[in-house]
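Okay, so chain A shows up in both of these, paired with chain B first and chain C after.
For the complex of A and B:
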């Protein structure tokens, strides 16, 4: 019954999406508002229908309906409830359904919140959103039907949502005893929230792109489309960023290589839209403030959404193999065709409007040293990063295979050569641009604003030298990154001081008032500080990571970077609730002869898994200074006397995770609605008698 | 006495022989040395996973092979070259083949330079005075809101 409900509601959502797009088109072009209203209602129904589909699959997972092929392939009776729920996005079909549901949710919410204020744009917003939602849902049902069930016909096993003639349902006992269970790599807290956040980020960019499409199609090319979609862009950007950070955390905890970012093509596929999206978020400020870069902003949001679809295609089609990607699938070609169609259509619209003169700027660029030109430079660096990352991840490997008949890999060596100078240039701009004014600025003004942050940055670098970080190039990196943070902090401090001096407010009151009056500026500063903290964490953990590998007898010790690790014992064959068998080593961590903690690195074995059935689970002693990260690689199966360990010291790595929290806080402030300054209280104005007399 | 001399000669020969045998025997290679090279090589089977972290049995064998090659006195570059010869350029982070290496490393800079050219044209375009006469030169976010308007009207009434 569940399969039928899910199957029907999903097909219904496709029909409704098609109807919504068609009705919106009729409503707009025939000027019949009733059709537009009907389209809006259909958008809500698409969301409702897909909610039923997702709910159905979720219920099937929770209630162990193993006759559904999807449920059988991603769960088994021993799995705890939390992983039953997260199995919804644990494989291609479920995650694609979840993706479609999110698209419909964003569509419904954006239409509901903009219906009155942006009615003119609504028909085209609906057309864009529903065409894409309909396409992805159709792709889902056509290629990866999550409601397909197993049917037995003699010795053959068939998969179909509806029962084919001459078949019978297989015995449930046989299905539950052979159910595969979730890929062990996905049984981690990071995987509980990393995919939804990433999807929120990806799908979130649908809204600004739909508004851009509507603006291009209707010719309403004022800043209205940007104002209507700015919050959506910000939310999408932050969720995408958090998804990336959490993905890094998952890799750090689960993949067992001591790092969090491997420049893997699939990781990079999610990073690419973030890069362009960041450029876009900066660039739209210029259009809002000065009415400039209209074509450029259109191009950036199109590129961002195009990168989203390309990233999805790369991850789901099997274009690249990775621990992050889904299995090879037939959805590749249709998705590529969709990516091309959407991108091509939007580019044609931009070119058309540009040639017709509808995207001309309201103001000319007045000087090289202005905030708008510095933002343009910032955009250029983001684009350069995009090019470098895209080339390394997809361009070079695909072209070499096509034209040189050989496959190549561009790994960390390539990325760590090409990208650091670009990132540092971005941090320089992050420090300088907030000090430049709109229109034109003087070097002197910027220079004066930089003096205190520069001194603080020098002090920060001295602090790192004292910590033992003494490589000149990394010290330069620390200095530049810190400068960007100190500029943001110092500008906020100055504003707080001004309020304290003029209004007698306390620090917190002044901070709160500033955030309420100009949430974008102070939210932006806080976001910058978050990025700076992440940047320092990345430099420290990349440049100063230390590692060693040692085989130790029980009681044996290995030392690294001032830490001593003692192999204290072994607990083999521990059975967890979900049926996994855990082999755990017990290792004591000492520093200066003092016991700091006892770590339990382990190897988990999943007896029911047929494909990948073991996982190396790292253990770490975490402080703000560093992580002592320990992996159990091997051990003597019989005596358990000897075990092989890999030890990493990862300096400042926790700043990466803490910085992400600051980033969220910055976004929260940035999203706060701007408070219009209150009008001054009504004053009683005395009539000026002299004037009155004089006038008489 | 002669026998004693013979004994000393034999002992000396034995010591020299042992010393010689020791210099010929493979040197001790640490796991860290193996990992340092394996870190720069990619698993020929599993894409995009470096050889030092790959958990497959095949990669265990390849790491052992690196150990043997180090023990035999091969340099790090010679070992990498050997892997490239056997499995192709995909096993290294940047290709060894000169043409592919140039293609890989130079192209992004060429593309970025082209991007710079585009940026310059955007900048030049933006420097030109817009053709459309703009009446309202105030930034968009300074457009009076209803509250502003109401406040202004109230002020006017007060006068």
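For the complex of A and C:
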């Protein structure tokens, strides 16, 4: 019954999405508001129908309905509840359904919150969102139906959404005893929240792109589309960033190579929209403040969303070889066709509006040291990074195969050579741009603002030297990255001091008042500090990682970088809640003769898995200074007396995760509503007469 | 006050000249930046390029000994040798067809085919990957050396069954002894 409910509700959502797009088009072009209102209601119904679909699959997973092929392939009776829930996005079909549901949720929410304030844009926003939601849902049901069931008829296996005549369902206990369970690699807290965050980031960019499409289609090319979608862009950007960081955390914990970012094509596919989305978030500030970069901003949001669809295509089609990718799938070609169609349509619209003079800037570019020039430079470097990462991950392999009858790949060396100079240039700009003024600026003004942060950066570098980090190139890196952070911190400090002096406020009160008065600036500073913390973590953990390996008898010790690890004992054959069998080594970590912690690196064995049936689980002693990261490689099965370990010391790695938390805090401040004349309730644009809410 | 035509035109001309100077600065700066980025990309590409070739192509000598390349093949399970104390790992891979929608079949056939070209891979300081098993697809970066051995620097493994599960009906029949 569950399969039928999910199957019908999903197809219903496709029909509703088609209807919503068509009704919105009729409503706009025939000027019949009743159709537009009907389209809006259909958007809500699409969300409702897909909620039923997702709910159905979730219930099926929780209540162990193994007659559903998807449930059978990603869960089994021994899996704990949390993994049954996360199995929803544990494989292609479920995760695509989840993706479609998120699209519908974002569509419904953006239409609901903008219906009155941006009524003129709504029909085209609905058309764009529903065409894409309908397409992805159709793709899901056409290629990867998550509600498919299987029946056994004699020796034949029949697959159908509805039971074919003359067939019989296998006994439920036979199905449950053969159910496979979630891929062991996905049984990790990082995988519990990493995919939803990444999807939130990806799908979140649907909203600003839909508003851009609406602005281009209607000709309402003021900054209204940016104002309406700025928060969506910011939320999408932060979720995408967090998704990337959590993906790194998952790789660090699960893949057992001591690192977190391998420049893998699928990692890069998610990184690309983040890069160009960051450029967009900076660039729209110029349009809002100075009415400049109008065409550029359109191009950036189109490129961001285009990168989202391309990344999804690359990950889900099997285009690239990656530990993160899904299986080779038939969804590749239709998705590529959709990517091309959406991108081409939007580019044509931009060119058309540009040629018609509708995207002309209000001001010309003036001083080369003005804030807008520095933002343009920032954009340029983000685009350069985008091109470098795209070329290395997809451009070179695809072009070489298509045109030169050979296939080349660019390894991690390529990325490690090309990207650091560009990232450092970005950090330089992150430090300088906040000190530049709008319109024109002078070296002197910027130089004065840099004195204190420069001194603090030099002190920071000396601190790293005392910590033992002494490679000249990394010290330069630390200095540049720290400068960006100190500029943000010092500018905030100066503003707090001014309020303290003028108004007699305490530090926290002054900080709160600043965040309320100018959330974008101080949210932006906090975000910069988060990125700086991540940057320092990346430099430290990449340049100063140490490793060793040793085979130890019980009581034996190995030392690395001032730490001593003592193999204290072994616990073999421990059975966990989800049925895995764990062999655990007990290792004590000492520093200066003092016991810091006891680690339990282990090897898990999954008896019900026929393919990947064992997994090495690392253990780590974590501090802000570093991680002592330990892998159990082997042990004497009989006596358990000798065990082999690999030890990594990863300096500053925890700053990467902590920086992500600061990033969230920065976003939270940046989202705080600014009451400006343009957005105050008194000046809110009312719906056009005749198209008003009540006139339908 | 002097309201002659010349006196009005003078500041306008001045502004124009200033605007031109700014434009030239932007153009020169832009050109320098584009050149720097182009240099980075070209030098990075030349330094990081790896030909993705088959075992057949590698053994035919099309690429010079010592050149770092990327190859793929099907892992032959019984050839896997691993010393956890030294972290020395070796295994043999068989030539496989990569342009196939049925990866599992391609891997299975490659391992069973006694005539498929084979290559033994050596890796040092390598933790044995959990996915290294019979009929896994190995994608390796490394180089063929003069001693005829392929020395791998990194390995990526894919197990098709990890992605393409058999149907429940098939599994039930197999469990009941009706393959």
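Quick note on the criterion: the second predicted complex is superposed on the first by the 664 of 696 C-alpha atoms of A that agree within 3 Å, B and C clash if a C-alpha of one lies under 4 Å from a C-alpha of the other, contacts with A are read in each partner's own complex, and residues count from 1 in each chain.
Going forward, a residue touches a chain if its C-beta (ideal position, glycine included) is under 8 Å from a C-beta of that chain, and two chains touch if they have at least 3 such contacts.
Remember, it's a predicted structure, so these values are computed and weren't measured experimentally.
In the superposition on chain A, A:421 makes contact with chain C only, while chain B stays out of contact range. In the superposed model, A:12 lies in contact with neither chain B nor chain C. By the document's definition of touching, neither partner reaches A:26: not chain B, not chain C.
Of the two partner chains placed by superposition, chain B and chain C are both touched by A:413.
Once the two complexes are laid over each other on the shared chain, residue contacts for A:404 go to chain B alone; chain C is not touched. When the two structures are aligned on the shared chain, A:392 is found in touch with chain B and with chain C.
Once the two complexes are laid over each other on the shared chain, residue contacts for A:456 go to neither chain B nor chain C.
After overlaying the two complexes on the shared chain, residue contacts for A:291 are found with chain B alone; chain C is out of touch. Once the two complexes are overlaid on the shared chain, A:363 sits against chain B while remaining clear of chain C.
On chain A, the surface touched by chain B in one complex and the surface touched by chain C in the other have residues 256-257, 321-323, 364-365, 373, 377, 380, 384, 387-388, 391-392, 396, 406-411, 413-414, 417-418, 549, 551, 614, 616, 644 in common. Within the complex formed with chain B, the chain A residues making contact are 222-223, 255-257, 262, 264-265, 288-293, 296, 320-323, 357, 360-365, 372-373, 376-377, 379-380, 383-384, 387-388, 391-392, 395-396, 399-400, 404, 406-414, 417-418, 438, 547-551, 614, 616, 644, 676, 679-680, 682-683, 685. Within the complex formed with chain C, the residues of chain A that make contact are 66-67, 69, 72-73, 150-152, 155, 157-159, 170, 174-175, 177-180, 183, 256-257, 321-323, 326-328, 364-368, 373, 377, 380, 384, 387-388, 391-392, 396-397, 406-411, 413-415, 417-418, 421-422, 549, 551, 610-612, 614-616, 631, 633-634, 644, 646. Residues 19, 22, 25-26, 29-30, 33, 37, 40-41, 43-45, 47-53, 68, 70, 72, 84-85, 87, 101, 103, 125, 127-128, 130-131, 133, 139, 141, 154, 156-165, 167-176, 178 of chain C touch chain A in their complex. Every residue of chain B that touches chain A in the complex is listed here, in rising order: 30-32, 35, 40, 42, 46-50, 52-53, 55, 88-95, 97, 99-100, 103-105, 107-108, 111-112, 115-116, 119, 122-123, 125-132, 134, 137, 139-141, 145, 147-148, 150-151, 154, 158-159.
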